[in-house]
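Both complexes shown next keep chain A, but they swap its partner, so chain B is in the first and chain C is in the second.
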Partner chain A sequence: MAVNIVKEKTLSQVGLVKLGATKEEGGTRAVTYTIGGDAALPFHHFEGKIANRPIVAMEVQDIEPNWPGTVKKHFEGVLDKPGEWAKKCVDEYGADAIYVRLEGAHPDGADKSPEDCVAVVKEVLGAVGVPLIVTGCEIEEKDNEVLVAVAEACTGENLLIGFAEQENYKSLTAACMVHKHNIIARSPLDINICKQLNILITEMNLAHDRIIIDPSIGGLGYGIEYAYSIMERARLGALQGDKMLSMPILCTVGKEAWRAKEASASEEEYPAWGEEEERGILWESSTASALLQAGGSIFLMRHPKAVSLIKNNIEQLMKDNSY
Partner chain B sequence: MGLTGLEIYKQLPKKNCGECGPPTCLAFAMALANGKAQLSTCPYVSDEAKANLESASAPPIALVKAGDGDNQVEMGDETELFRHDKKFYHETSVGFKVSDSLNEEELEAKAKEIEDLVFERVGLQYKVQFVAVVNDSQDAETFKKAVAKVAANTSVTPMLVSEDPAALEGALDVAADKKPLIYAATADNYEKMTELAKGKGCPLVVKAEGLEALAELVEKVVALGHKQLVLDSGQTEASKIVGDLVQMRRQAIKKKFRPFGYPSIVFTTEEDPLAEITQAITYVSKYASIIILNTTKKAHVLPLLAWRQNLYTDPQVPIQVEQKLHEVGEVNEDSPVYLTTNFSLTYYSVQGEVESTKIPSYILSVDTDGTSVLTAYAAGKYEAEKIAEVMKKVGLDDKVKHRNMIIPGYVAVLKGKLEEASGWNVIVGPREASGIVAFAKSQFS
Partner chain C sequence: MLIIGERINGMFSDIKQALIDRDPTAVQEWAKKQEEGGARVLDINVGPGVADRAAAMKWLVEVTQEVSDLTLCLDSTDFNAIEEGLKVCKKPAIINSTTAERDKVEAAFPLAVKYNAGIIGLTMDKKGIPKDSDSRLAFAMELVAAADEYGLPMEDLYIDPLILPANVGQDHGPEVLETLRQIKMLANPAPKTVLGLSNVSQNCNDRNLINRTYMAMAMACGLDAAIADANDDELIKVAAAGEIVLNQNIYCDSYVKMYKTR
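== the complex of A and B ==
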């Protein structure tokens, strides 16, 4: 019997979103990216064009992060200097983009003012030439002040800002519209809410190509399979023409992977789990590698070795496999 | 992809004799379609119809078995392309390469290292499936000795890697009772390999370069009468391996293309062990039935086995823990008591953090049908009366002398009612498990 290659017919493709803006485009970025555009399931080059490779953004915070020592040691000396920290991520560790997490804005923590937060984002913009992804401290009222201030101060930079949620999307959507940024629409592991939120945001007239989906992933071992299936369903929906599920997907890999006990428990405490740092690195890279197969386009990560592993994984998978 | 009742009915004698049990042939056909009856109970079905029905109802991907006893490995028998459509059934088997060029001590050490790759996490046990002895020496006698040495030092099922039938024959002399997986039948050796595998009742990998050549070779092997097969399309680039794995799975399930209706095997190609595992994660995601690795370090293997377990979880059945009062550490009558649900993920997140507080504690997991705190509350499965009842049932009053129950922050609203229903003082804990350590520090130090 002759082998007949089975190619699925698709009616549509994943949407395109552009991150960052060059001088000519009104920003200051040396590099910009176009994300999404897949016309097939992830890395199924044999049945549709995979136009753009997924990208990896490394996380930088405005306060010293509460990360395990095995991660922090790679940023020694720069953890209190967001600009230098970001530069190290890009120059030494090959980050495609920088993810600025304004954890210091938290009212129960450093409670930084919106002006201080803007200054941090500006510092990072000045230090690196790659696009920025910016999120707040995840306290609604405070984020609405901080993120709106960041959006305004960085007009034209074409940032990716989050998180918009079903109960709190209006002020961020408005700010992104007025100041020309992209928005992260976060839904709580629920494909219906995911779709609904995209509808709500587009109804406010923010363009379809300015939205990125955050499905709220779980880390390896802690519910990752729920996100995996939701992402697969969203991709299948996008390919069948469902515009409101077709936005590129972002995965908060670093945060979720390093929360797991397995990522940072010492070998003394759990000898049966083996060496601590390599286990942690793999916990993060495995979370990312799994979600790459479900259709992730933007990966927010922490450990430099995990970043290099996943970039290598992406490079290998971007090679053509047509028959 | 079974037949419908009507399709089956067409093949039946239509006598409506009722001797099979159901009163009519149509009812019998319906029962067959639902897997609730056996065709053999019909005394009048023709041989031709029997053959048609059997081949049509064969699973799209054959179930293939290797190993014996407790270490038996089952592969294949998959019916889905996406886990959300139903579930994936047989977890990817993980194996490790061991060269027959190692000396005796090294072989023994390696075998023991592989034997030791058993992990406990979140109440589950993760195991590995194959030890792949590779005939690097190209010498039959050396191979045989190495296989014997490895088999004597681990209970993990052997996979015999040699394309030399003579070397394999020798190795089978010492390992056939373990039902090893034989690797591999190629265009050059398939007749002898098939004879060996068939003779010893062992599964056989069929290997060829590319899908076309592979399908051809599989048909030749099947024609020789062996059907316990595993497929290797001979690719070495990750991207092409993904392509072939997807094609084989699709063609078997959607087109019922028989030559690809068997489990698949892949080898990692990255040298850096961390890159190797990251690559293997891709193959687990994309249907590989067996993955053969080089690294045998615990820290490397655990994340891979965790992903395998996650992916093969039944999406319709949340993993649950028992409803009971769990003890963390050396508890006593002053130990704190935490309340959670019986959803495995929720429970083990809480348990891990409670363990990290270094304060011996009780955790009460209330049966919420395996749902998380918020979901359970929204569905009315986490009511004050029910929780109070469980508290009584597990005899909490006699376990501790204090009367303080720590509840999840997300259900702070339960405080008043639960205090009323249980007579206990309710302390609202953090919303997320990750807040437990800080919470315990402020409460109990």
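== the complex of A and C ==
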């Protein structure tokens, strides 16, 4: 008797979101990506089509970041030039996309004006041909000014802009709708709020193929298992046909991984932990690879070596294992 | 919980008249209204006393599809009429229904496979509805075996353990619930389950109360679908809440609205 291999059947698939727009589409990007679309659990090629490979975006800021020296040294000389910094990420380090974090807008920091922030985004757009992901300084009032200005100034570029949250999603949703961008819907490690926020945003008539979920990940050793299980539940929901959990997921890996003491404590302080830079790279890439398995589609990262490790990992996982 | 809207049925006078006049207005209104109410499948039944059932079924399917993309559930004891309907269905439909009698099974299951349709199997034979759960299960097992025999995917088999009105066959209530529980253990993957829900309250007082109470209980025992009044809003709310408390659907504040609009 023939062996009947039981495969999970799915009713639906992860939604598709397009990032960036070419000249013909009204933007200026040389490349664009379509992400999502998986019809199975992550990389279960044998159960359904894994339509699009996850992408890695490298982070660029508008002020010199307070990153560990082991990361910053790879961007020496360009940390105050966002355009050149972005170009280095793409040309030398193979970034699929650029993540522009407008930390300089912070009212207690550099307090840059919306105009200055727009100029930074424009500078990066001019320097590279890949799609852009833009977030503010995470102070609601300021972000509502800055991000709305960015959305308006970059009409047609099909940016991915964040973060919309349950208590503050209306201005950004409206801006993304009017100026045709995608939005990052962030929920605080809570699947119910994640779903509700997607409903609230779509109720404002932003199409669900313009939404990316940020479930608020934790780095390795700092709650990554909670993020993993929430991402897994969202993916299972998506495959069962829950449209409001079917958006592709973004993971703020760089930020969370490098926050960990283990990623950046010096060798002198903890000799038993091993070489500092290697440890940090592994912390960031392990965080990313775990979340890759959980179903992440966009990875925001920092260290060039961690980026290359994870891109290699993605390439391996995208090899068809169907039978 | 899949609600199969019961309203497009020639038993109702407006649908009967629509069939006589070949005027699609009432049919199409009910198709839209039931979808808005929360139905995700529409039952289509030409009703009693129609001369050419096949032609009537074909017409009902066609006019319903003009206004609705929902899956259709073709409800007739006449397999010719069902096949005429299946021929014009734009997407895979559900055949409603066959009993566990061998000659019916031999006609119905190949039809389902041919048209890639689901099928509702009743746990009875020509002797009628069994009294207890064990006899119902014996018929359920025959239907499961038939699905295997004809190569129908188990998820496309909907077993109906047949509920009787509370004021007629009160003792059937718990027997059906027990049957629902056991059906899920007959195969892996398990067959689906369905009930003609409104039957439980036939000629009773406070029908909607009995319907929704029984549906909640049956959901907990593994009920997947119900042929029911999709415009009974309280019933739909129970279905929505039932999915949440049974962890079949992820909670969000708008869960009732999501149930109706998904």
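Everything that follows uses one rule, which is that the second predicted complex is superposed on the first by the 319 of 323 C-alpha atoms of A that agree within 3 Å, B and C clash if a C-alpha of one lies under 4 Å from a C-alpha of the other, contacts with A are read in each partner's own complex, and residues count from 1 in each chain.
Just so it is clear, a contact is a pair of C-beta atoms (placed from the backbone, for glycine too) under 8 Å apart; a residue touches a chain by one contact, two chains touch by 3 or more.
In this text, all values refer to a predicted model and were calculated from it rather than measured experimentally.
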Look at A:245 in the shared chain and tell me whether it touches chain B only, chain C only, both, or neither; answer first, second, both or neither. second
Quick one: is A:195 in contact with chain B, with chain C, with both, or with neither? Answer first, second, both or neither. second
If you stack the two complexes on chain A, which partner ends up touching A:233: first (chain B), second (chain C), both, or neither? both
Scan A:126 for contacts with chain B and chain C and give back first, second, both or neither. neither
Tell me the contact category for A:305 with respect to chain B and chain C: first, second, both or neither. first
Quick one: is A:289 in contact with chain B, with chain C, with both, or with neither? Answer first, second, both or neither. first
Between chain B and chain C, whom does A:109 touch in the aligned arrangement: first, second, both, or neither? neither
For A:3, is the partner it touches chain B (first), chain C (second), both, or none of the two (neither)? first
Intersected contact list for chain A, partners chain B and chain C 233
Using the touch definition from the top, list the residues of chain C that touch chain A in their complex. 155, 249-254, 257-258, 262
With touch defined as at the start, can you tell me which chain B residues reach chain A in the complex? 82-84, 119-122, 211-212, 215, 219, 237-240, 242-243, 246-247, 250-251, 254-255, 257-259, 274-275, 277-279, 281-282, 284-286, 297-304, 306-307, 310-311, 313, 315, 345, 349, 352, 356, 434
Given the complex with chain C, which residues does chain A contribute to the contact? 9, 191-193, 195-196, 199, 233, 237, 241-245
Per the touch rule, the chain A residues reaching chain B in their complex are 1-6, 41, 43-46, 218, 220-225, 228-229, 232-233, 236, 259, 261-262, 272-276, 278-279, 281-283, 285-286, 289-290, 292-294, 305, 309-310, 312-313, 316-321, 323
